[in-house]
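Letters A, B and C name the chains as they come in the text, with residue numbers starting at 1 for each one.
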């Protein structure tokens, strides 16, 4: 039984198998993702009604919220695959972490940047030590840690497992960080207008928001596949199937 | 051909994990006490960093009273970070670490013992030096007492979490800076609660709940961090 | 032949783009001395570390007394004495303290027994000198003193003869033969020209580049 599960994992964990599947899925991910994201953004930025208190400046949530949302879930996804790396030593799981960590960092940065831009009209200043922004900043630090460790360890396998341990330690800490930052915030800044106080949203606001979140997820899926494929080719460049692939593409 | 010989009898594990942990702590203390300068360095660093604030920002009593606990906490955090690089490095270089992994006791308990020794050698002295610096920063008696209490609960957490980073960066070039980058984000909750508790006390709020929360951090760190450190040590040793 | 103590089945280990070894089976039987041979970079140390349980980036199965080793890590480690390139001697401690620290976690011994072991490796009079003041060969001897008080049946010694003088080498060779004769087993690597009666050889190649995964 155990042997069977191991073989199953071996098959699904094989980079060659994944490469083929990914190639089939990627056009769909890209196409549908782009359509959804564009629909959500155009609707949100151009057609959705202005918000009662903030006027048009709130429209940045159509970028801010999806990227913040995705930035956090990417870390969770990395943690799940980290468990797979540690328990089953699956190469593919490590490839995933390696491929998406920089994407997560970029999205976290995007969320911070849009948060700052949003802060200007809302608070009159570019940066406020708001609980949510501060947590995002620390999340960015966590991403940096993962990326730095990833590049510091040259041995592929050790690097994979060390990064997995770090990601798991980070994911245990995320709720603690969130909680402590919120507490810190109430201690030092008696309630001002917070990004977390979402304006009560009409359907014509949240539907485009939902569309752009979904679109960004699919695009992320596409990008993750693309980056994993690149990494696979780099790692397995000596194997026969990659060489066959190269000659086939060359012709 | 090898002659047929009766196999040697197998040895039985007789030394308990507790005993083995005590031995690890004792050996670390003994070795460190023979190299006293290494013990003094984090303390001197702590002292100097604290001195920078009145010089760099303002020696005004009102500023120092307000910022004092934060300054002391940040300085304690930085000097702990500085000392972490040594936590496993010497043992790694002379092969003691390999022997520790091969001991017939669970590795995470031995790692816990290493963290305890590290705290006794760096964290505890920092806590003991803190009141002196607190007085120099014009903190009042009550704040100093609370501050020392938070440091007493918080510094072991710093040692325990730091051990994970030290184990992960073992044997890497530029281990020290890398270690700080990995560990600082994980230190933030401890820092927030450490300084927040002192601030709450200064405002006259009851601090029992906050201290209990910090104790909860400590318990969580004791139960989880050694597993992560042990896993990280195995990985780093596999690579060497 | 008696049952193997330690058995490795179908070991494979890669380093970078190279396969160090694959499909390797190793059986360590009581009463034998096994010398692992091969050119530099063949993976001798890696193999020894895998057998000792220090390196776990390999595929394959390891058995201790017929049972998977992963299930009985503590029992296995209690029965293994490993001395590597870095012998585990703390420079700030004395030979006696070092030896005591290393043996106390396995079985507590009286200082008398430990001193006798140090005498046996020619360290009489150095009991209370910090090891950083000893020569490389002497430090090596502190580590090797563990063999004299060992009750572990399996010895894994990586480059055990490094830094030893003529007498040290002869003494160690005799020790290995005696250990095997009393039903223990030894796995060893060395650049020293070692040829003991009944010694088995395990040859590792230069490894091969990976072609098809």
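FYI, contacts are C-beta pairs under 8 Å (C-beta built on N, C-alpha and C of every residue); 3 or more make two chains touch, one makes a residue touch a chain.
Chain identities (UniProt): A = Heme exporter protein C; B = Heme exporter protein B; C = Heme exporter protein A.
Not measured: the values here are computed from a predicted model.
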Chain pair with the greatest number of C-beta contact pairs: B-C
Centre-most chain, if every chain is reduced to its averaged C-alpha atoms: B
Whole-Å separation of chain centres (CA-atom averages), subunit A (Heme exporter protein C) against subunit C (Heme exporter protein A): 47
Distance between the centres, which are taken as Cα means, of subunit C (Heme exporter protein A) and subunit B (Heme exporter protein B), whole angstrom: 33
Residues of subunit B (Heme exporter protein B) whose C-beta touches two or more other chains: 238-239
Where subunit C (Heme exporter protein A) touches two or more other chains at once, by residue number: 57
Residues of subunit A (Heme exporter protein C) whose C-beta touches two or more other chains: 155, 157-158
Residues of subunit C (Heme exporter protein A) defined as touching subunit A (Heme exporter protein C) within the complex: 15-17, 57, 209-213
Footprint of subunit A (Heme exporter protein C) on subunit B (Heme exporter protein B) - complex, ascending: 164, 168-169, 172-174, 178, 181-182, 184-186, 188-189, 192-193, 196, 199-200, 217, 224, 228, 231-232, 235-236, 238-239
Parts of subunit A (Heme exporter protein C) lying in touch with subunit C (Heme exporter protein A), wherever the complex brings them together: 15-16, 155-158, 236, 238-241
Sites on subunit A (Heme exporter protein C) touched by subunit B (Heme exporter protein B) in the complex: 86, 138, 141-142, 144-145, 148-149, 152-153, 155, 157-158, 161-162, 165-166, 168-170, 172-173, 176-177, 179-181, 183-184, 187
For the subunit C (Heme exporter protein A) and subunit B (Heme exporter protein B) complex, residues of the former touching the latter: 1-3, 5, 29-32, 49, 52-57, 65, 74-75, 77-80, 82, 84-93, 97, 101-102, 104-108, 130, 151-153, 180-184, 198, 200
